[in-house]
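Mind looking over this structure? Questions follow.
For clarity, chains are labelled A, B, C and D in written order, and residue numbers in each chain start from 1.
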Amino acid sequence: MPTTPESDLYELIQAAVDPAALVRHVRAGQDGAIVTFDGFVRNESHGRATKYLEYEAYEPMALAKMREIGAQIHERYAIHRVAMVHRLGRMDIGETSVFIAVSAPHRAAAFDACRFAIDTLKRTVPIWKKEYFQDGAIWAEGKIPPTAPKTKPAS
Amino acid sequence: MPSVSPSVRVKVLFFGRVRELTGLTEENGEISEGATLGDLLERYIQRYPQLAGFRASLVASRNQEFAAWDTRIAGGDEIAFLPPVSGG
Amino acid sequence: MPTTPESDLYELIQAAVDPAALVRHVRAGQDGAIVTFDGFVRNESHGRATKYLEYEAYEPMALAKMREIGAQIHERYAIHRVAMVHRLGRMDIGETSVFIAVSAPHRAAAFDACRFAIDTLKRTVPIWKKEYFQDGAIWAEGKIPPTAPKTKPAS
Amino acid sequence: MPSVSPSVRVKVLFFGRVRELTGLTEENGEISEGATLGDLLERYIQRYPQLAGFRASLVASRNQEFAAWDTRIAGGDEIAFLPPVSGG
């Protein structure tokens, strides 16, 4: 597995996400493109009005899986830097839960890597979301992570 | 019915729906040497029958890596039974 | 051709691009995802160290083409709002020349639309870039726009 | 050699490399009624032979829409000869 560049940033945080700071983190003179994904709390879920969400994580494992995704995208795509942050705790409508920024010399790699990163995060990172409505709360349906990720050699 | 085989100590963590159903966040336990992750889950399902309906949707982790149910547990392992993930 | 929502934003500007303002423009409670593309001046081009760039446009036509791209992505993808800005004039290394933000209820549409938008902009919007090096300047190679865009009915 | 056919007035715009080669940014001209965008380009190439080498890479616009070279020009049209675009 390739090592993740020291200059990447992977964090689980409780406070509000600061997208501008994350973009500054990945931006450098050798780059020409940054693609960002901002995932935030929608006002409805399956037709029910959302009041707020709560996220919890298996923190050390989640951070390790986020770094693993970073290593995968460095291996697959000609990118420069990655910043990937997931917020935990309670979030209101409109608040960012996840933010990913990827810089690259050229745009195709930045798009591919950013999309692979969020798609893989949603399948493999141990984080759980509880949705609160006027009349109750449910754990979001979620995805069953692959027990042996295809992208990793069995070793 | 005490086990006659030697036992090993494990730390077990609980998250999301599994945490709510069991009321546990973390506990230290013992299990027979040679037991698998599947064996450990069955023991929790006996103790918390309300988990049975979720058996098919859970995956296990061992020392913060996803692991197959037939993986053998070693002393000092950190185990978790993880509901479907919904981050992002 | 579908009408572009009045709430979109399409601009050619001379001053520095303000990404945060553009993201705020597209962000609403009904959304859950924003994808942005930030294109900025790289420090080299084909191995030569870039000093700075100058962009010029056929302004009214460029703006019309940008709006046309907006209409196309509203038609093709389940997106909410678009902000698309191109800066003109002189830009130094690291300065943003183009910024596109797309909001949507779900991420796939936002990724697809943002990528289609920048790919199409680079092929069809009459804007030209001159690259200044230590030892001279050249017009960037560029793409020949399709005379009858495939994505538009002949009417 | 004045044309004997009626002529129409057009506005012609120049950008990028074409602007630099001709030294023109915009000019108002006349061309015979029924002339095409291709005819107008050939007239500019006669005036500015250095444009000839770029003929194959240029596209025309008429009233701010890309237009084929065989498009007929009408009075009052705004025409441009556009080099390959390189925005973004």
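We take it that a residue touches a chain if its C-beta (ideal position, glycine included) is under 8 Å from a C-beta of that chain, and two chains touch if they have at least 3 such contacts.
Computed from a prediction, not measured in an experiment: that's the story for all the values here.
**Q** Would you mind checking the shortest number of contact hops between chain B and chain C?
**A** Each step joins two touching chains, and the minimum needed here is 2.
**Q** Return the distance between the CA-based centres of chain A and chain C, expressed in whole Å.
**A** For chain A versus chain C, the centre distance works out to 25 Å.
**Q** Counting only Cα atoms for the centres, state how far chain A is from chain D in Å.
**A** Centres of chain A and chain D (C-alpha means) sit 51 Å apart.
**Q** With chain centres defined as C-alpha means, what is the inter-centre distance between chain A and chain B in Å?
**A** Distance between chain centres: 27 Å.
**Q** Two or more other chains touching the same residue: where does that happen in chain A?
**A** 39, 118
**Q** Return the residues of chain D touching two or more other chains; collapse runs of consecutive numbers into ranges.
**A** none
**Q** If each protein chain is taken as a node and each touching pair as an edge, is the resulting graph a line, ring, star, complete or other?
**A** line
**Q** Where on chain D is chain C touching in the complex?
**A** 13, 15-17, 19-20, 57, 59-61, 64-68, 80, 82-88
**Q** Within the complex, which stretch of chain A touches chain B?
**A** 39, 55-58, 60-62, 64, 86, 97-98, 118, 121-130, 139-149
**Q** Which of the residues in chain C end up touching chain A in this complex?
**A** 19-20, 23, 27, 29-44, 93-94, 105, 107, 110-111, 114-115, 118
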